[in-house]
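Note that chain A is present in both complexes that follow, paired respectively with chain B and with chain C.
Moving on to the complex of A and B:
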């Protein structure tokens, strides 16, 4: 993680070690995504020789875990919570409720029908 | 009427060149679906809002400029209130010995 972390913090929202790590993972994934996709293509191409495919498999498995998209988790930008986060609002349940009742989220009001 | 297979293959090849699709009559797995996927790196990386100008940046750039930072002022007021009640933060221990002085004392 130390090799990937930015020297100057560039998060504008709630700052938490978990948020920093998630942000770092996203940036690292963005940087390495083309390489990962190229390796995946080499692995799945049956017309290439077995040796290159096996080498590509090995190389993909040896890449740093921060390059993997599965490690990325949508966190709450107000509280850093990892669970119960709405995708549209990027906030967890309680923060969403607080902000919605305060009127900070446009177009959200209490439901009644 | 029996059409030779080579003619059909030529037709498929021509069709692929006209409509700019791939030509794969045997259906061999070539992994082209990976190449077709759009990259989602930039979209994922833009999840957390980036840091723009802050009060500390303003204070550094323009030393004489007076700013009123609401959150900072509220925080300092809270600190002053707790200090006036006598509940402020304890004094910082200078040496390791000072910090260990009360560690072993067990409550009876």
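Moving on to the complex of A and C:
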């Protein structure tokens, strides 16, 4: 994490150590995504020799965990919560409710039908 | 069919209009009945009583009231009168769509007013317009727990409704349609999103001979593709570079070439560490099989 962390904080939302780490993971993944995709393709291509595929597999496993997309988790931008986060609003359920009732989210209102 | 919301708001504005400055002892229902019987042009010559009216307009109101008898008979221009009536439409000649403008909003009021504005602008630019067609609304609902911790049984529902309207322009020149879209964008209203699909028709015949046009087209396509390919090539690594990452020093260590088993089978230098067992074939009767096995071993190694 120390090797990838930005020298100057570049977060716009709620600043939390978890948010900082998630943001760093996203940046590292973005930087290494082409390399990862190339290795994945090499592994899955059955027309390549077995040796190349095995080498690619080993190299993929040696890559830093921050390059993996599965490590990225959507977090709440208001509270940094990792659970119960809505994708449309990037907020967790309680913050979404507070902001919706305050009228800060355009178009959202209390449903009654 | 129910009247659209903007007509109701205009009726409300007509109710607010009056010819003289506001008096405290005015009876509201009398004035409304008076305005309903009058023609729209005469009742709308005065300025409306709004909180947003600037002082200079109020002064105009006093001037109007003193000369109201002569100004009552003044007829407004046709375009101003048309603004208080339903928008006019041009009849289409062939019915071929040229532009599909979709308007989306979370609220109906400004959406309907803006759709109406788009229809009027299309009429004045000479574009046959169909619409505004109401497309099915989209309702998104979310159910959240009221509290921030446990208490799952008490939840709250939220929803967001997206209203849509479609305005279709038919049988028009693409340049004029572009002008209309630019005008709409210049006068865009808050809270209304726009999306336009443009259609163009062209003939199948080519103007000059077919060969000349084909050559020009192929040259154009090659130039465009060439640009794209050079862009891609500059970003990609050469196959030698990719292979070098797996085979050359010091990258070999990354995939375990110097590990206990010497890396994957078939790694460089494997023959030096491990001697394959050679089977000695006897001459009698095994000559053909030996040749076959030698050929097979040569191809596999």
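Everything that follows uses one rule, which is that the second predicted complex is superposed on the first by the 113 of 113 C-alpha atoms of A that agree within 3 Å, B and C clash if a C-alpha of one lies under 4 Å from a C-alpha of the other, contacts with A are read in each partner's own complex, and residues count from 1 in each chain.
Methods note: a residue touches a chain if its C-beta (ideal position, glycine included) is under 8 Å from a C-beta of that chain, and two chains touch if they have at least 3 such contacts.
Note that this is a predicted model, so its numbers are computed, not measured.
When the two complexes are overlaid on their common chain A, residue A:1 makes contact with neither chain B nor chain C.
Look at A:100: by the touch rule set out above, it reaches chain C but stays clear of chain B. Once the two complexes are overlaid on the shared chain, A:18 sits clear of chain B and of chain C alike. In the superposed model, A:59 lies in contact with chain C only, and not with chain B. Legend: residue contacts after superposition of the two complexes on their common chain; A:26 is shown touching chain B, with no touch to chain C. Of all residues in chain C, only 106-107, 140-142, 144-148, 156-162, 191, 242, 245-246, 254-256, 264-267 touch chain A in the complex they form.
Across the complex, chain B is touched by residues 9-13, 19, 22-23, 26-27, 29-31, 33-34, 37, 40-47, 69, 72, 74, 77, 90 of chain A. Residues 38, 50-52, 54-56, 58-59, 62, 86, 88, 93-94, 96-97, 100, 106-113 of chain A are the ones that touch chain C when the two sit in their complex. On chain B, the positions that touch chain A within their shared complex are 28-31, 34-35, 37, 39-42, 44-45, 47-52.
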